[in-house]
Each structure stands twice: as C-alpha cells, then as structure tokens.
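Here the structure comes first, spelled out in structure tokens, and everything after it is commentary.
As written, the chain order gives the labels A, B and C, with residue 1 at the start of each chain.
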Amino acid sequence: MNPRIKRASWLLSTGALAALALATTAQAADAAPTASLADLSSLRVGLDTVWVLVAGMLVFWMNAGFALVESGLCQSKNTVNILAKNFIVFAVSTLSFWVIGWGLMFGDGNAFVGLKGLFFVSGADNSPALGKAYVGMNTFMYPLGAATPDTDPSLYAGDYSSINWTPVPLWAKFFFQLVFAGTAATIVSGAVAERIKFGAFMIFSFILVAFIYPITGHWIWGGGFLSLANFRDFAGSTVVHSVGGWAALAGVIVLGPRLAKYRDGKLHPIPGHNMTSAALGVLILWLGWFGFNPGSTMAAMDGKAISYVLVNTNIAAATGALSALITAWILLKKPDLSMILNGCLAGLVAITAPCAFVSFSAGALIGVIAGIIAVLAVIFFDKLKLDDPVGALAVHLCNGVFGTLALGFFYDNDIATSIAALPTGLDRMGQTWAQLKGVLSVGAFVFPVSLVIWYILKATMGIRVSADEEREGLDIGEHGNEAYPDFTTSHK
Amino acid sequence: MNPRIKRASWLLSTGALAALALATTAQAADAAPTASLADLSSLRVGLDTVWVLVAGMLVFWMNAGFALVESGLCQSKNTVNILAKNFIVFAVSTLSFWVIGWGLMFGDGNAFVGLKGLFFVSGADNSPALGKAYVGMNTFMYPLGAATPDTDPSLYAGDYSSINWTPVPLWAKFFFQLVFAGTAATIVSGAVAERIKFGAFMIFSFILVAFIYPITGHWIWGGGFLSLANFRDFAGSTVVHSVGGWAALAGVIVLGPRLAKYRDGKLHPIPGHNMTSAALGVLILWLGWFGFNPGSTMAAMDGKAISYVLVNTNIAAATGALSALITAWILLKKPDLSMILNGCLAGLVAITAPCAFVSFSAGALIGVIAGIIAVLAVIFFDKLKLDDPVGALAVHLCNGVFGTLALGFFYDNDIATSIAALPTGLDRMGQTWAQLKGVLSVGAFVFPVSLVIWYILKATMGIRVSADEEREGLDIGEHGNEAYPDFTTSHK
Amino acid sequence: MNPRIKRASWLLSTGALAALALATTAQAADAAPTASLADLSSLRVGLDTVWVLVAGMLVFWMNAGFALVESGLCQSKNTVNILAKNFIVFAVSTLSFWVIGWGLMFGDGNAFVGLKGLFFVSGADNSPALGKAYVGMNTFMYPLGAATPDTDPSLYAGDYSSINWTPVPLWAKFFFQLVFAGTAATIVSGAVAERIKFGAFMIFSFILVAFIYPITGHWIWGGGFLSLANFRDFAGSTVVHSVGGWAALAGVIVLGPRLAKYRDGKLHPIPGHNMTSAALGVLILWLGWFGFNPGSTMAAMDGKAISYVLVNTNIAAATGALSALITAWILLKKPDLSMILNGCLAGLVAITAPCAFVSFSAGALIGVIAGIIAVLAVIFFDKLKLDDPVGALAVHLCNGVFGTLALGFFYDNDIATSIAALPTGLDRMGQTWAQLKGVLSVGAFVFPVSLVIWYILKATMGIRVSADEEREGLDIGEHGNEAYPDFTTSHK
C-alpha cells in the first residue's frame, strides 16, 4: 500500500472507532474522537527521525570545526591543503561508508564483522518496524539477538538487527552513523598535517572508513564480541575518537616530524597562523558535541535521557577548558589559548563514552582530569618527537582511552539504568576491567593495521611531500593555490 | 475560544471519554485513559512546525555561507562591500517578500500570478487547518484546487490554497518560503561583485524578491501553469537557483567584466583573498542544504521521506566535490580548492530538484556530472568574457538547469510516489520534456525582465562604480571601511 | 518503577483498552487500537524537550557570535585575549549557574530571591510532571503559586515551582536557562575589551552569573515581585540584555577608556581588525536569536506561538539593520558596515521583550527605532568618553531598556493572550508604567552592585593591564600568544 494512502486512513479509522464507542453508550454525545495507536506510532517515528537527523547535522557541522581548528593551528602556507583535506574527507567517507562501511559495521554477521547486506546498504530492512520492538529504544548496544523483557526482535525483519533498537527509518540511521565515521577520519587529518601528500591522505581515509572503523565499530555497536563482554561506550570515546587516534599515531610515526620542529635536538614550537579560526573551530565542535552525545540516544521519546546527557557533556567541556587553563597557567606561566581550546576538546572526548553512565560530579571531574591530560600529553608527545601539529593525539587518543576507562571508574548502575538503559550490574572494578579489555582490543587492531597501511602507501605512492615543498608550503605544491594571496606573510 | 483554554480541555475531554468507557464495562478498572485525536493533531502540528522552522533556520544560515564564499573568493579590498551586500540582502528580502512577494507567489489567483491576500500576508487563512486536509501533507505542489483521493480542500478556508498541503501555521510557511526567496537574491550578489554600486544592488534585490522570484515561483509552487503541466522541482533547482542565476547573468552582461580580468585580450585570474572563508562558507552551505531539501517536505510526519532526501542530497554533494576535484586535477594539473568547493555546491544545486524523485545511484551520478559541469562552465564563461568572480553562473544557473532536467533523465515513478508523493506517471522522455518546458519558460521570463531592470538602473542611478574606485577597492569607496586595517596587504 | 519498564507497558495497556472496547461490541472486529493519554504525554514531553534543547543549542552558538563580533571589532593585537575571554566565560558560567545561580533564580523563596534547592540544582523536582499541570505550558512567568483556571499546581512537587509551566525535564530547563545566563556575561566582555585583566574578568563573570543575574532574574522569571506587578519580558530584553549592559557600563566607568581613544581631547576611532569576523558573528547572533526568542516558549506544542515570535524577531532584525544603514548613510555619509551590524543586533535586542506581545507592524517599527538608537548611542557614549570598543552599551543596554518599554507602547492584549498567553489586561499607558518600574528596579540593583564589585576587584587584584601591555597588545602580555603570527601587521 502506498504510504500516503496508508496514512490517509488515519482519521477514517479513528473516526470509525469513535463512532463505535458512541454506539455503545447513550450518554456519549460529546465524546471526542480518540487517537489510534498507529497514528501515535507514526508521530513518534517522525519525532525520533527529526531528532536523529538534527543531531546528525550537528555532527556533520563538526567537519567545519575540525577544518578550522586544524588549519588555524597550522601555518598559513599550508592552509589550503588542510582545508581541502578536511573538506574532501567527508566526501570520501560518504562513499566508503555507503559502499561497504555500513555493511561491515551493522550487517548481521559474527562476533567480529558484519556479513549481510554488505554493499550499498542494500540489505533487507523494515525500519522503522512498528510494534513492540519500539519499546526497546534506548537499549543501546544490545548484543545481537539477545532477548530482553523489553524487546521482541521478532517484529524486526532485516539484515541490520543490531541497530534496530532505534525506531527511525534506515536512512536516518545511515546518516547518523556516517557522520560519526567521518569524524574518525577527520581526526587523522590534523595529526599528519603540514607534510602529507594529498592523494595518500585521501586513500588512507577511504580505507579507514571503509574497513578499519566499521570492523571495530561492529565489535562494540554492531553486536560483536565487546558488546557481549559488558564493554560500554555511549557515543564513541573508543569507537570514534581512539580509533581515529590510533590511526593518527601510526601516521605520525611513519611520516616523521616536520623538518622545522625538532631541529638541532631542540623543540621549535610552530605557532598556528590563525587563532580566530582555532577558537571558532572549537566552539563549533562544542556545539556539534550536543548532537554527538545526546543524539546517540537515537530517539527523542525519553526527554530525560537526552537532557541529562547534554548537561553532562557541557559540564565536562567547561571543566576541561578550565582545568587546562589552570594547568597551562601553572606550567607555562600564562593561560595559553590553544591549551584552553584543547582542554575543552579533551573534556568532550573523555565524557563521550561515560556521559550516560556517570553522575554530573563525576562528569565534572572527568573534564578536570581530561584537561590536565591534554596539556601533559602535548608535552609528552613532543618529548618523544612524535610531531602532531594540532594536538590530536593528546585530545582524541589519550582522552578517548581515558574517557572509556573513566566510565568504569565512575560507573553508576542507577544512571546506567535510567539514562543509558544499558546497566551491566558490575561494580566499578569489574566495569573498569571490561572497559580496559575493550580499549586494548581496539588499539591492538587499529594501530598495527594502520601502521601496515601507512607503510604500504609509503612504499608505493609515497606519503610525504618533498622537503622543498614542505618548506615552501603545501598550498602551492599540492594545489597551486594560496590561502591569503593579498596579505604579506613572513613565509614569503 | 482562547487557544490556551481550548488546549486546557485536553485532559478533561479525554478523561471524560475514559470515564465513559469505564461506565460501559465492569472489568475496566485499570484501563488507561485514551488520547484524543484533537490532541494528537495538535502535537503533530507542533512537530511539523519545529521541523519546518529548524529547516528554515538552516536555510537562513546559508546567508552566512554565501557571505563567506563570495567575500573569500574576491579581493580583500572589496570584502566589506561584499559582506554588507550579503548581510543587507536578507533584510531587504524580508521586507519585499512580506510586503508583496508572498502574495504574488502563494495567493490564489490565475495560472500566472497570485491575486488574493497580496499585501503583508494579510489574506484569510485558517492554517493549520485541522481535519482531513492533513492527509494531503507532502503532496507537494498540487495544482490549485485539484481534488485528489487524499485531500479534501473544503476544510481549508483562505487565500493561500496552494500551500495548504503542509499542516503548519501560516507564519511557519512564510518564514520557510522567505529564506528561499532570500537565497535567490543572494546568488546574484556573487556574480556582480567587485564592481557594482551598493545602492543599485539593494534596489535590484528588492525587485527580484518582490516581483520576479514570486511570479515564476507561482507558476511552479503556487499552483500556476507549470505545476499543472507535470513540471517538478522538489526544492528549487529552478525556482530558486536558476532564477537567481538568470538574474545574475543579466547583471554580469550589463555590468561588464572587472577592469583587471580580461586586459590585453588575455585572461588574468584574480585569486580570492581568503580561502578559509571560502571553505567555511561551503561547509555552511552544505549544512544549510540539509534544511533546504529535506525541509521542503514542510512536514516531519514522514520520517522516511526526509531521511531519504537528506541522504540523496549528501551523496550528490560528495560526488560533486570529488568529480570536480578529479576534473580539475586532470585539466589544471592540481586539485584546485575553489574548484572542489564549487563542485560540491554544483552537486547540491543539481540534486535540489530531483532529490525526491530519483535513486541514490542517480543522485551520485547527478553529482558527478554537476562537478564536471561546474569546472567546464567556469572555463566557458571566461571564454565568453562573462566575468563572474565567484562562479555563481557555473554553480547556480548551469546546474540549476541541469538538475531540473536530470529529474527527467533519472525519473523513477516509485520514488516519486513514496518520497515526493508527487508522481506524474510519465516515462523519462516525457518527464524530461516537461522539465525542459519549465526551464525554458522560467528563463524566458527571468532573463529578459532582469536585463530590462538592470538597464533601467544603469540609465538612471548607475550600477557600476568608477574605475578609480574599482581599483582602490569598494570598501573605502562605498563604505568608508577597511576589512583588515591592521594587516599589510599588497593592494595598499 | 524503571522508566524503561514503565514505557514498555505502553502497547500492553493500550492493547488492553482496545481489547476492552472490542469486548463491548460485536461489530468491532476492525477497530484500530487506540493510543493512551500517557503515551501521548510522553511524546509531548519528547517534542517539547527536543525544541527546548535545539533552541538552547542555538543560544549556546551565540557564544561564537559574540566571540567573532567582539574580536573582529577590536585590534589584531588583542584577538587572542578576546577569544579566550569569550570562550572561557561560558565555562565559568556553566559552573556558577550550576553551583548556585539556578537556585537563586528559580528556587522557591520570597519575592526577592530563591531559597530552596539552592546548590547544584539539587532541589526536589518531579519534572516533567504529568497531568493537568501540563495545561499551563506557555503561561510564561506566572507568579509563584498563583492559581489560574488553566493550572493545578498540586501536580507539581518540587522546589522550582516558578518554572513548572514548561513540560520538559529539569535538565532541559537548566540547559536553556544556563545559555541565557552565559549571554549576559558575554555582553560585558565586549565593553571592557582591550584593557581588562583576564583574571579579573573571569572573577567578575563568575559573580555576575552566580549572584547578580539570578537575583534580578528571580524578580521577573522566578516568581518575584516584578512578575507580580504585571511586568513582562518575554525572552529577556531586561533579564539578559540590560542586566549585561548595566554590568558593562559599570566596568567601562571603573576601567576608563583605552589610552589611544580620546588622546588630546579628540576622538580617535580605533577600527576593528577583521570585518569578516564581525559580519559572520552577527549572522551567527541573528540565527541564535531564533532560539533565544521562539525557544522562550519552552514548549513546541503551540506551533502558532513559536512561528509568530520567530517572524516578529526576524522583521525587527531586518528593519534594525536597514534603519541603521540609512541613519549612518545620512550622518556619516556612507553606509558603515559596523553600524549596519549593530543596527541588526539592536533590533534583535529590542524585540526580545515584546516579540510575543506586539503586532508585526509594531515589530517593524521597534526595529527601525532600535537601529536609530544604536547609531546615536554610539556617538553619545563617545561624547561622554565612555569607551566601549564594540558598541555593547548602545546595543544591549540602550535597546534592552527601549525594547522593554516598547512592550508597553505597543502592547496588544489579544496578541499577549494568544501568543504569549500572558495578558495583563492593562492599557498601553498602564503597561508602559509597569515596564518602566521594572527597568528602573533592575538598573537600580545591577548598576551599583556591579560598580562596587568592579571597585573591589580594582582595589585588590587590579583590573587593568599596564600601559605598556595595552600598547603592545594583551595577546602577548596576558597569554603569550599571537593571533596571526605569520602575517605582517601595522602593530608590530
């Protein structure tokens, strides 16, 4: 039946029911017509879809945030290149996640990888399945096929069972998951900036989003072995941020540092060319995270849950910025703006996994610790001569790992029940142990696989621009453009 | 009755009904009170209104995108002028569309123009009309007064029948349509940049939004002759983008090229002054298009439709960017960033008409072709010495036309039925023919009328700044401001 | 009962009812199952929550707008400092409003201050309370405990009665009110820019959001004495903007002007360093205001109200920009961009109080007057040698006061009833008088208290940087950073 026609029957059927009710009683002259459950369900799907799409748009908008943060914290002579990388990475992600990534992540399969409906999201799927399955919404990350008192999976028929807990149409699910996948790829971009070949980055991004990200994603959100082992990651401290972080670390190692950074055995800081870009970028990311975390409910019916997650996210962002400010003020004598900005991002990354599992006080503390980690980790990576121009490793890798573990340290079973609807019943020690196993599993896969891919790219097409091009700037070398041709800069 | 009091009766009436039900059965002790249809309908109007307003806000936000793209792709000495033009154009559009534009576009009238409720949106209107008319939602662009199995127009009473298919209040309809009208005016801004007088542009914009845009809009979305002739344009490849494009082409011809562009019979490219602005601007526009196209459902009840349209829009944006990248890499030897950006916009413009009528594969292909067209058209217009500083003609005119025709080439009647709810039943040849007639009709009206207006403005107040002012920059000449007074630029 | 399990009973209970209905009639074979009122109410809470959170996100996004407007209108050498101030002010506001601000503003208490549930929003609260209390939505600012035909407060149980009219969870209320509080603090930032010590500003911001803002806020939105005296302020011309403005005026007086501004008895204008930032910032603020004003319904069920408020907001922004443009064109001979931008903001500030109480024609006129006031006030404050680098006093203080009074001048009881649902029944003279009393009460508290705090900060830690640091720029002095190190600027 044409969906339009099906919906057309709304008032007729409910009108019929009202008429029926009238017939049974003489006093019913002024009874209002009643609403049918089917209509209410349609409305619910509409509301949930609007929420998921708006949240997804906010996460998409984070592409602008990353583009500005990364280009702002790098040199003016590489601005066009960084903007182009950050722009095209989402286009590439769109293709690779559509072609194969979604299928590997959410297709029904085994504990390690999706196998059904692999290509072009073409598997069978009757989303949004109406009926009892709806009740399972918010029962985020239920292991594949697990029966619970709240769910009756028999009503869902299709190849993407693990994401049937959200009552939205398939393409809303796809869009929301796509923008998450794109975020992982974008994290790599900053760490390898100012020396990587444009073509090599595009190819690595395609592989990351097509294969690496969805495979570990399947383990956690696709019904795989980590979801069965009580590992919890509400919105992706591990699934998104540390995956991007491990891939970035591998790239940083294989690429080596920028020529100017550790000359003569000393650290030569290379300041960012545009702090307006960097600050605007982080404000965009802060806003985007209000889609990233609260949107991970993938349903709007539980207003309490999305409100709670949003406030916890905001608190950690605030304490992360303040703690990095204070840490930098103590260590560096002045409140360095780039440290404040990275501290805020660190708080956001760290609260991403635990936002629906811990109290606000814990959220505030997680932000404080994340801000300190961010500052110390930047210094630490410089000691190791791992050159990360924008601090992506400190923010996404270190705090992705920390946040995932923090879900264990601060785990609260009541909040896990009422907000995430995903209690494990473990104590904090036990939950931390489950988290640690997940963190190690993901790192043990993503880091070496990324290393291999970077080495293959290096051996075949080359991944690093020439020393001359690096000195002159990648904008001219890779793109034939200048970002600010009207202005006099010190690099010309 | 006060609407607040009316709503106050919600629980009383439904409570009464429940009580009634209880009275009829002895076993009913624990029956839950039922929801009334009136309450459900109110909630539906609320949801649809939130969706339409949020989508409208995203389209409003495109003003920032256009301001950044256009100023970024022009010279620093004209930045204040371009920002001022792009800022004030929406203020002017607000007035002109309120005063007369809406009435001409959506007022009941004849096949060519609206006649009722012309001024200040002051016609009779009982939106959101409750009842069966709701069922007609998503039956986008139904010809005026046409009866369908799904609609019963008798429930709507007012002067704006052609837009009664969306169950939102009149002022939500107005806002959403206003931001579309403003977009058309903004397209002109880029093409005539760096030489037009500020006052002349303001006057042309007022006329465009008050008269030209709403008249062709009436033909297509206001129940006019093109909607009756099976012409389809889901979100405005023609209604918005090619209308803006034709008006821009007329302006480019009457103004002539910038002095520096085609000196000595050769092409002298004038690079944009700020690629950070340009890239951020296109990311804003990409985001805004998630309001532009999915919002054109003007209702949220059908979650499938808005999800589908959004994903198709995103796919075409991605393939547009990638295909322009590859085309530029081949033709220009390097992946020029401004070409990547314009390729993305080209994909977005092209998918705007067909997004709810074609498959995702077709959407991907439309993006690919649009990206190629964008690059080639920029080269083509330069050959003709039609000087368009930002590529607005290549993006909005060429791809507005292409996208409208592509709806025919790739027309899929099943998708037109289930997503757009506007099937024509024609085959692809027939639909393409209907599309071509619409494209030609609109061009045959907008282009000559715009030419005449530009010539009248030229003859009366003058439209082009002096050669000295053009060389010195319009910022000082027109506004007495500099955009970046602290910086040393090569133009000073 | 676990909320998840409670919701799980949705279909069971409604199914039971349907079964019941079937049992009473023989002809009922094809009757559709009916929706329960509890389910509908849950859905309503979900929709209202989505609207309130999305609107709150838009207001949060205004932080980016203020950061760009303020840094853009100041000198490049102070950019890092201004960005850092605007970034960290929301982090500080988050803490201070969470710790104590919310409790003082919305805690049940006396006519002057909240007393219950003071710290960490830890008071009792059963939001979203289901039942009749819902009916009171949109009955904005009902005085504490007042009984109306529409409300039955007995269903709400908690310490925050004055904000129980909105049917959203407590943490959605908190987030929405937090972003408003943050806005007030951010207004101060611009006026004191280019000479204030970073640490002193952080402490003042904490005090403003923890104590000053919530106390006057309690008078108006927390059930205090002004709400009982028919004072009306729909979205905060007084509560937010003039409070921020009074605090800023005190700071400007205690700080004194920048050294370079009024040298040798003459006015030396100091142009902003980046008009791209300024224009983008105002476009962000314009967008953010679509959350600020329409979101102040704090519920989405009444689509008409939010649509009306949004359109009125947009009209005043447009006429504000145009009237400032014309005023500047007449007075300054050219359409100065910063005047256009401030005119738009002036219109937005002025329409904030009256948007739900006046007609669109009145809204347009309010914008026109606001734009004129903005231009004249900038000139006026310069005459008084009150140095406000970004025009914050002209925009927020003068037009906050004007807009609040304009609610009286243009008061329309029908609109107040149908849109704001807060009629007073007064005539325009009486309403203006009520407004004036509120304006004076707030000013008489905020201005002297702010003065005292600024003087205490001056006497203890010092609030102004050294003359050398001011000349060299606060970026190096306060933060050790430069905003644009690659570029050659005239200040180096």
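Note that a contact is a pair of C-beta atoms (placed from the backbone, for glycine too) under 8 Å apart; a residue touches a chain by one contact, two chains touch by 3 or more.
Please read these numbers as outputs of a predicted model, since none were measured by experiment.
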| item | value |
| --- | --- |
| Fraction-based call for subunit C against subunit B, same above half, different below | different |
| Turn needed to bring subunit A onto subunit B - CA fit, degrees, nearest 5 | 120 |
| Centre distance in Å when subunit B and subunit C are each reduced to the mean of their C-alpha atoms | 30 |
| Touching two or more other chains - residues of subunit C | 14, 21, 24, 34-35, 39-40, 43, 47, 50, 54, 274, 484, 487-488 |
| Interfacial residue positions of subunit A with respect to subunit B in the complex | 2-5, 7-8, 10-11, 14-15, 18, 21, 24-25, 27-28, 30-35, 39-40, 42-43, 45-50, 53-54, 57, 60-61, 63-64, 67-68, 71, 79-80, 83-84, 86-88, 90-92, 94-95, 98, 120, 128, 168-172, 174-175, 178, 198, 274, 277, 478-488 |
| Interfacial residue positions of subunit B with respect to subunit A in the complex | 13-14, 16-17, 20-21, 23-24, 34-40, 43-44, 47, 50-51, 54, 58, 75-77, 131-132, 134-135, 138-139, 149-150, 271-276, 279-280, 282-284, 286-287, 290, 294, 300-304, 306-308, 310-311, 314-315, 317-319, 321-322, 325, 332-338, 340-341, 344, 360, 417-418, 421, 484, 487-491 |
